[in-house]
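I've put the structures underneath this note.
Look for chain A in each of the two complexes below; its partner is chain B in the first and chain C in the second.
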Partner chain A sequence: MDSKLKPYMLLLPAIIVLLGIFMAGLLSALVQSLGYFPVVGLKKITFEYYLEVFKNQDFLKSLFFSLYISLTSSVAAVIIGVLLAYLIVKSQYKEGIETVLYKLPIIVPHMVAALLIFNILSQSGILPRIFFNLGIIRDQSQFCNLVFDKNGIGIVTTYIWKEIPFVTMVVYTILNNLNKELLEVALNLGAKKWQGFIYVALPLLMPTIGSAFIIIFAFSFGAFEVPYLLGPTYPKALPVLAYTAYTNPDLTNRPYAMVISMILTIVSVILILLYTKFFRLLNDYNR
Partner chain B sequence: MVSIELKNITKSFNNNKVIDNISFSVEKGEMVSILGPSGCGKTTTLKIIAGLVKPDSGEIFFNGGSVLHTPVEKRGGVLVFQDFLLFPHLNVEENIGFGLKMAGVKKNERKKVVAEMLKLVQLEGYEEKYPRELSGGQKQRVAFARALAVKPKVLLLDEPFSNLDTRLRETMREFTCEIQRKLGITTILVTHDKEEALMSSDRIIVLLDGKIKQSGTPTEVYFKPACLRVAKFFGHKNFIEGIVRNGVLSTAMGNYPIQGIENGDYQIMIRHEEIKLKKGTENSAGIVERSWFAGERTYYIVKVKDFSLHCIEKQNKIFAEGEKVDVVIDFNEGVFFKKENYCR
Partner chain C sequence: MKVLQKNTIYLNIIIYSVIILLIFPLAVMFMWSFARSWPWPYLLPQDFGLRGWKYFFNPTSKALFTLFLSVLLSLIVTIVTLVLSIPAAKSLAFYNFRGKAFFEIFILAPLIVPPIAVAMGIHVQFIKLGLADSFLGVVLVHLIPSLPYGIRILTNVFQAIGEKIELQARVLGANWWQAFIFVTLPLIAPGLVSVGSLIFIISFSQYFLTFLIGGGQVVTFPMLLLPYIQSGDRMMAGVFSSVFVLTALLFFIIVEKTIKSHYSSREYFYF
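Then we have the complex of A and B:
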């Protein structure tokens, strides 16, 4: 065998399995979204389902709801995470905090995090009970609805709680390794400390912050379990809407589920492209 | 343009004394080199002058006024770092204009100053380039322009040429000296390269183990090192023990008449260019042990009795290894160190 081909041939079984499963799923979803689903007699390729979905108010509300949840939680997590990373870098106890923060996002699954938030924020949760015992509210039902609510407070809180440590650790690693002499140069050229942070540290951190933002945004935009457990019945988050359409006993609804899934995929691909751009920028800075 | 004075500056890191009670001054417009090996406290001294490091004790004066408590951003001692440290996210124009932007200078004015600086460092047309797109020499020039753009009171150069290759180093050294003279800016250059210090400075301060061992003009420091350690740091290799009694120097190599040296025990330093070699005979005392041809000159190690003498001869005198040679030494040109001047 040609020695140049050999490594590729050896990798072929793994590539077939990996790409095969991925591509088969993606292609199947794509053709079904285009109305080709012969099992139930749908054989005509059409963009009709896409047009219908985009005209559907429920879909549009779900899309905006998902975007709102992802954007709010990601922005909040990034701001708090960056500040926390900065404080840890400045802290003399960073070794201890660092260890704990590393473990937090790893050991708590999203589903458990959702249940924790439910136990704290729901009307039968810990917070209303504290308020009730302090006499702030007369009845636990008086406590404002923070889960299953239209504003998605429970979902957003869960994501923020889960994502802050991730952002913190990613930014902390870069911030800790940032060439301190660059900040000295800034001060030496007449910059005040805050100017050094704004004009030197922050721009150098931006590719990292951008990457972290995209990762958590993409995850929260496409994740199913948290909005399913803590979200309102209307509007549903996009992945929940796709799941509902997918599990509909009427199989002619399947193309609608696949259109939503394809939209989620397209958004993810755009985010991956953005992530690659940020990553390239990060590499450029380090050259 | 300012004069600088450091008085009794001391600095320790983790109980390790890096700067030990040093005092020196730099006149307005003067270019002074702080010369010493790695870890002798040169960079710390520069950072103390710039205000990036606080001394444990001592005083710093600019034009006679204390700047000890003046924060780094207001002090006006601008450093050009060894590895240039250009901001990687800013292009050349933004890098040079950074200090002006921090000072609130308007964009139009900044552009004007940046253009002037780029002309000065001969990098017109590089405004849009990013540091990653520049060569070492270009980065060095941008770092230099960035420092000059803020009109520093004193320019502090921290081994600015050490990251450049030999040819570029020479070019940049000449270029820097030219600009320094043109602008008349008070400059302190830190280096471990004695040739760089000798060629660039009005005055050299030799710093060893955090202490100033000598301060003087390049010729003073080279021809009259204050102690053995300074001499050895300058690369002098010929040291001969001897006793002077009534105008006669007695060494293991023989006795020589000597003038103007009081009686006593000495280590005598003979610069390699002060030793002359002549074609020898069978009875000559010197034997060429090693030789290195280096173009316009040849380096030799010549064995005379138990001594290995390092010599340099011009290209018209080439001796073969093993050849017998006559060695002529004028001890009156030597530097005599009494035991108290060994400063080990």
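Then we have the complex of A and C:
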């Protein structure tokens, strides 16, 4: 085999699948969002649907709701996850049961995670029952509903619960293999422990933390199950809104669904680009 | 010395409280699956029963059959993903070529682009090709969230091993498939197994892609489970969720045991 072609040949099967399904799906969504859907006789390419969607109050509310959910849950999960990883590395038992147990939520699907949080936070859940038995509330109705609520507490909690172990696992692996001498040098030179963490360990961990943040942010921004199961009827999260438009029996509504899912895609990509840009600046500055 | 011990105690208290917070909801769910009656405001079920579990194991409910079908589907997705990922990962790990950076980003793109956009877009084409509402169609669409993980992690595995051992086999006269089967494959096997279990879980947990492309004709386990969660039937949802988590856990344990029996030395573990 021609050695120049070999790397491409090895990549080919995977790339064909990605082109044939992923790229084709994305392009098809783009074309349909521009109003081309010949099955129901829509053949004119137009930006009309985009303009209409952007004028729609429901859409704008959903967009902010989705951004708020993903940002809040990802930031919280990253902070708690990193701290937990740091604490586990500092505690001496490295092969203990806790290093296995905390990983459990990783194999729990999001749908089940939603059920777990429902069992805890709903008005008949465990948390209000505990409050009642402690005498903090006297009646079920005194516990403000934390699922199906407009603040998305149930959704955010579910994502935090699910993503903490992921962040912890990724950061733990890197932290454990980190060059310990660097930290010791800092401590020898008179840095306090927290300073060692903030100024030595954290910068070295930043790339890992950053990519973990991107993955969980993008996932929660585009995921359907959790807001579908625990979200309020209004505002709906963006993926739920897209799906509602998609299942509209009037097929001439299809382009609206595609516009919403294209905006989901575009926002994710823009945020990732902004993030990498910011990150590069930060790196240059540190150097 | 005493200060140090006190610190360790605080440290452990924090670690264990976080871990308990993470585990506690799972315990509550498991308890619900055995609850015959658990009214407000009791902290424990007032009466226990096996109605949900009996329903699950009853052949007429088809729950066990669906579970079996789901496991089969996810196994197929896992194998196809690995077969596609091994050459791709090798290419990215060992070769420098034009457009490499582009391919690396392109392969990770499905992690960033919401699957809902891809699935809704491809649905029309799948209907035209007869792939919608079919097992094959669902397998194909499950490849999209799986491939980025498969290729990315296997690239790291290949980089960790290096190319030299395989090249040595080639120099000593092995042809490419002998070198692959007898040298490379045993070397990457532990990595392959851990990526495999990750992909299995990804595919096993899919709801939206299966639901949209399968069109209700391909019924997987998450599709049986969702209506129970949605209707707030905590006992039945508890049973089905417990089965879900236990199946995934069992899969992990079996996989872990298999690697350990083959590779007693820990240096083979990359993750």
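Everything that follows uses one rule, which is that the second predicted complex is superposed on the first by the 235 of 287 C-alpha atoms of A that agree within 3 Å, B and C clash if a C-alpha of one lies under 4 Å from a C-alpha of the other, contacts with A are read in each partner's own complex, and residues count from 1 in each chain.
As a working rule, contacts are C-beta pairs under 8 Å (C-beta built on N, C-alpha and C of every residue); 3 or more make two chains touch, one makes a residue touch a chain.
This structure is a prediction, so every number in the text was calculated from the model and none was measured.
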- Contacts of A:S28 with chain B and chain C, given as first, second, both or neither: second
- Task: For A:P227, select first, second, both or neither according to whether it touches chain B, chain C, the two together, or no partner.
- Result: neither
- Item | Which superposed partner A:L84 touches (first chain B, second chain C, both, neither) | second
- Query: Which partner does A:G152 contact after superposing on A: first (chain B), second (chain C), both, neither?
  - Reply: neither
- Partner chain(s) touched by A:P13 [first = chain B, second = chain C, both, neither]: second
- Message: On the A-aligned overlay, A:P235 touches which partner chain: chain B = first, chain C = second, or both, or neither?
- Response: neither
- Message: Under the stated touch criterion, name the partner, chain B or chain C, that contacts more residues in chain A.
- Response: C
- Task: Jot down the residues of chain A that show up as touching in both complexes, chain B in one and chain C in the other.
- Result: none
- Which of the residues in chain A end up touching chain B in this complex? 179, 181-182, 184-192, 195, 199-200, 203-204, 206, 284-287
- Could you pull out which chain B residues touch chain A in their complex? 50-52, 72-74, 77-79, 81, 85, 87-89, 98-99, 101-103, 130, 132, 146-147, 150
- Residues of chain A touching chain C in the complex: 4, 6-11, 13-15, 17-18, 21-22, 24-30, 32, 39, 80, 84, 87-88, 90-92, 98, 101-102, 104-112, 114-120, 124, 126, 128-130, 132-133, 140, 161, 164-165, 173, 214-215, 218-219, 221-225, 229, 239, 242-243, 246, 257-258, 261-262, 264-265, 268-269, 272
- Given the complex, residues on chain C that touch chain A span 8, 11-12, 14-16, 18-19, 22-26, 28-29, 32, 40-43, 83-85, 87-88, 90-92, 95, 97, 100, 103, 106-107, 109-122, 124-125, 140-141, 143-144, 147, 151, 201, 204-205, 207-208, 222, 225-226, 229-230, 232, 234, 237-238, 241, 244-245, 248-249, 252, 271
